[in-house]
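One chain, chain A, links the two complexes that follow: it is found with chain B in the first and with chain C in the second.
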Partner chain A sequence: MLRRFSALVARDIKLVVRNHHLTIVVAVAVLYALLVRFLIPAELAFEPNLVIWDRTATRAIATWYRETEPGRAKVVDSEAAYEEALREANRIGVKVTGDRLPEELELTFQGFEGMRSRRLLEAIFSFQVTAMLRGVPPGFPATVLRPGEGGEQPALNLSLVPVLVLFEAAMLGMLLSAVLLFGEKDEQTLRAYRVSPGGIAEYLLARSLTMSILALISAAVLTLLTVGPAANWPVILAVVFLGSMTLTLAAMVLASLFRNVGQFYLPYFLITLVLMLPMVVYFQPGMRLPLIDLLPTYPLVYALREAYFPTGSPGVMTGAVLQLLATLAVVLPLAILTFRRQLVVKDV
Partner chain B sequence: MKSRRVWSMIKRDFASSLRDTITLWILVFPPLLALLARLLVPAVGGATVTLVATPDLGEALIGRLAEYAAVEVVAGREALNRRVLRLDPAVGVAREDGAYRLILEGNEGDQTESVAAIILADAVGPRAIAIRSRDLGRTGSPVAGFVAVMFAMMSLVLAVSLISLNIVEDKETGSITSLAAAPLTRWEYLAGKGLLGLAITLLMVFAALYLMGAGPFDPVKVLVVTLGGFVSAALVGFYVGAISDNQIAAIAGLKVGNLLFMMVPLITLVLPDRLEFILYPAPTYWTFLAYRGALVDAAGWPQLLRWSGINLALSLILVALSARFLGRRLSLRG
Partner chain C sequence: MIKVEELFHSYTGNGRYAIAGVSFEVEKGEIFGFLGPNGAGKSTTQKILTGLLPVQTGRVAVAGQDMRRPTRSLFNRIGVSFENPNAYRKLSGLENLAFHASLYDVPTTDPMALLRRVGLTEAAHRRVGTYSKGMQQRLVFARSLLNRPDIWFVDEPTAGVDPTTTQAIKEIVREERERGVTVFLTTNNMHVADALCDRVAFLNEGKIVTVDSPRELKLKYGQKVIVAEHRSEGRLKREVLSPLVEGDRVELQRLLAAGQVETLHSQEATLEEVFIKLAGRGLGG
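After this line comes the complex of A and B, so read on.
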């Protein structure tokens, strides 16, 4: 059985290498690494999105913004300049009125801002004015459930690494495995395989293993060239391996429902978009999307972040590995069942 | 080049796509994209922080907190701790001995705790200053605009993929050599593939934009930008089709082709202005600028025509440089 399995893996690897996929995977990983190291900045340069017109005698708010957040606020001195600055779509106006000290703020929104963003901005201004007037900002005691945690936030370019590893390494086998399947359907290889002693599970696991080997190579190249050799390799490789196995099997289930790549491509594209949603949440931590934590890519991206930039929460990685194993435990039997139904029973 | 023969080529490919239910997917795809956008845009625009509360905070306070942030109400303190310890950064709000307290995991980002404290302070206490709001009444959210731009770029990527897979399928099934017997030149063959790809792109771009509620935008501007951007997209599709003898190889080619298409816009978003010149030779950079101008920044015609013109010029230079290679690799006579 082991020999059959090795032969299947070796055959898939040959196919992948012969069609230049290995070369392209390594080249793309190097390209991503170059982008991360040399092109993407460590910090985003923000355009000023607050326009402040402070009409008080002390100009306390304008001065505070000018001194503490010069890049975020544009301070103006006249109504004409204020209205002109607000023509830009991303800007929010803050008109401060009062005699000596600020007594009233008028916030000017563009119109498309959400209610929560508006209320939060009001709260931030109230907080800052309170701090300015009373000297001490309002605060609350905090209980930290896992004290001593909290690593430094990574620079913007490096914070992309977990996302790139997820997208490039863990998800790369989805399309390729499907294309190999369609090739085998066309060439009747599957029919020939069915009369051999090899089982469906062996076939699926061999294909997933091949894709996972490619994923590991891609992740290793990208990691070495970006964060360097001092990374949490066991976790990174384990998470990428499990993620790739799970996603490849899921893609094989989907592919078995279609006749050719043309039919498969659009549903695949759509599913890839959905699987990428956790990456949006990764960059917008306050964002909530229904059922997103059920996607296999959700624990993946957080586990990768923890592996690359540890905050001292090994639970994140354990949880992710367990969730991936649970997903794998569902996807593998589902894939076997679907294959038996779609390919064997229908004699494809 | 005879338009009748190009039209026959389009009809043939269209019939093939009908048979393969690709057309059905193309019709279903924009509404699904729009659904995704409708889910995504308010979520991105309204993202502040996630708060976790227990019912003992009182309905009134929970309601006030929900004006600022997503609030999840859980049964008790233990459930609150469990929720805070989950993967995403959520902050618990509890009342102990009559005082409010924030419950943190310990690994939240710098701003999460301070934003939660600011929200709680505003929700429970009187404000130090009167705050009123004014609204300029604009409706086109930049987030929605950017999602629209990315969806338009994705439609071009799909066109690239469909064109190339279509050519490779012709090679694999031997149709390309059968066509050699017909009075069809290779350029008519490519024009047929390209025009069908263009029709699919336009259908997907406009359906996705209208269904997701992107706007306000000028459809003529979007049309011009799409036409400018499509030339380079089709060229990538032809290249991948030309160099790939089978679908496995085509997927390898598409990986690089699609990367060129989607990476350039993403890099443009984060690249400092002073380094943007690096992207000038890439037609997709100009496609992205033009889509952003048409869908986000309400750019005027002169600017849009300049961007689309540069895009088209660069793409045509690439077409001229590639013509010989494509002609040789996509010869109908094998």
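After this line comes the complex of A and C, so read on.
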């Protein structure tokens, strides 16, 4: 049995290398690393780039910005100048009206700003106007960063690493395993395998193991080139391995339902979209999607984030490993049953 | 070794059967030919016998195992040579055989020896993708012998191969029979069947038309006459003589004694002719 399994893995490794899948995976990992290191900035600076038209008699806000924050805002004196300035992208208009002191405040946005940015600006100006009404000079609310809580926030470019590892190691692995299966269907080599003592479970596990080895190589290359050698390797490798095993089996189930890769692409694309939903939550933590935590990619991305950028919540990683093991326990028999049905009963 | 009773199989499930009521038995050490034109149901039957298709209706036993639930041990005992070459094109011929050899739980033949046997020694380390169709056919043929099978399913072994290789393949089939292997040969090549088979089954439109030895079929459906060409008074003459008629026997003896006979042909039918008589169509159709 072990001899048969080793032979299956050895065959798959040869096929993966000779079909250039290993080259593709390593090349994509290097490309991602280059993007992270050289193209994506470490920080997205939020400069409001304000245009202030203060129509009050005292012009207190305009004066304050001109004197104390000259780099933050462009102060204008007419409606024409205000409209002209707002034609430039990234400008946010602040029109202040009132007799002596500000009574009304109108903020003009370009439309692409996030709701959080809008609310933040509204709050800042409310704070400043309130201060002025109380006879206090306007200023910014005090900001306190507490780096001790929740761990140090990773740089923007590095925060992408867990997502890229997941995307390449798991999602690309899904596609490549399906491509291999369709190659076997085309060559009819699966028929030759089926008249041998080789079983379906061995076949599927060997293929998953091979794709997981590919995923580990990809994750290692990407991690070394971005985060460096000082990473939580045991967790990263364990999570990538289990995630890749699970998703490869899922891809094999899906691919077994179709005769060729052309029929497979659309369902694969749709399923990939669903599996990528945890990335949305990853970047927008406030967002909550129902049942999203049941997707195998959900624990994967959060466990990877914890492994790369620890926040003192090791339970996330343990939970992810357990959830992936449970998913694997469900997916493996399902894959065997589907494969048997598709290949033996329907001879697809 | 193989027992099939009232086997039916439908791909569509709407009452149209690819095979309908097929029954036959194959004895140990026999070369059993399964003959029929394309679409007659030969491949469907072989797929069921090798576990590639499930048994829907009927009973199929191979080496005593019910094919509704074939076990791993059965696949250690059978070999299957496919009509369409189905080897990994990115692996070499030797790698293909070595991989398949490692799948068996029983002792296997040295892959290199098998490649030598089918004339692929030189190409052993080349990727199969670079092989001609005939070479791939030989590779798949060799692969089916890896586990020294007791029951050997051979599907169109000479399709697309040259006459020399055809001869070599026929020789290997005979050698395996000598070893005691039961051979189930699926073909629509009557010459191969005639040369190799102990018995043949004619399959037409999913039904077995007849099962018998090629010799019996040819005698049964041929003419029991001899055509003798001889020279008499300087002219070539052709006479049709029946060994069953006293006068014809005397005439034949006279011609032979006079040394006038130039050619002598018995007029038994070919398998193709027998098939046409029984099925109303040729094997090639």
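The rule is short, and it goes like this: the second predicted complex is superposed on the first by the 243 of 348 C-alpha atoms of A that agree within 3 Å, B and C clash if a C-alpha of one lies under 4 Å from a C-alpha of the other, contacts with A are read in each partner's own complex, and residues count from 1 in each chain.
Everything that follows uses one rule, which is that contacts are C-beta pairs under 8 Å (C-beta built on N, C-alpha and C of every residue); 3 or more make two chains touch, one makes a residue touch a chain.
Just so it is clear, the model here is predicted, and its values are computed rather than measured.
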Chain B versus chain C as contact partner of A:R3, first or second or both or neither: second
Partner chain in contact with A:F182 - chain B first, chain C second, else both or neither: first
Chain B versus chain C as contact partner of A:L270, first or second or both or neither: first
Partner chain in contact with A:L15 - chain B first, chain C second, else both or neither: both
Contacts of A:L334 with chain B and chain C, given as first, second, both or neither: neither
Chain B versus chain C as contact partner of A:I217, first or second or both or neither: neither
Superposition-derived comparison: chain B or chain C, residues of chain A touched: B
First, second, both or neither for A:G198, with chain B first and chain C second: second
Partner chain(s) touched by A:V30 [first = chain B, second = chain C, both, neither]: neither
Residues of chain A at both interfaces, chain B in one complex, chain C in the other: 15, 19
Residues of chain A touching chain B in the complex: 15, 19-21, 24, 27-28, 31, 35, 39-41, 44-45, 86, 89-90, 93, 102-120, 122-127, 129-130, 133-134, 138-151, 153, 156, 175-176, 179-180, 182-183, 186, 259-263, 265-267, 269-270, 273-274, 277, 280-281, 284-290, 293, 298-299, 302, 311-313, 315-316, 319-320
Chain C partner contacts - residues on chain A that touch it in the complex: 3-4, 6-7, 10-11, 14-15, 18-19, 187-189, 191-199, 344-345, 347
Residues of chain B that touch chain A when the two form their complex: 17, 20-22, 25-26, 28-29, 32-33, 36, 39-40, 42-50, 67-70, 81, 84-89, 94, 99-110, 112-113, 115, 117-123, 125, 127-142, 144, 154, 158, 161-162, 165-166, 169, 172, 246-252, 255-256, 259, 263, 267, 270-273, 275, 278, 296-298
Touch list for chain C against partner chain A, complex: 47, 50-54, 72-73, 75-76, 78, 80, 82, 84, 86-91, 95, 99-100, 102-105, 127, 140, 143
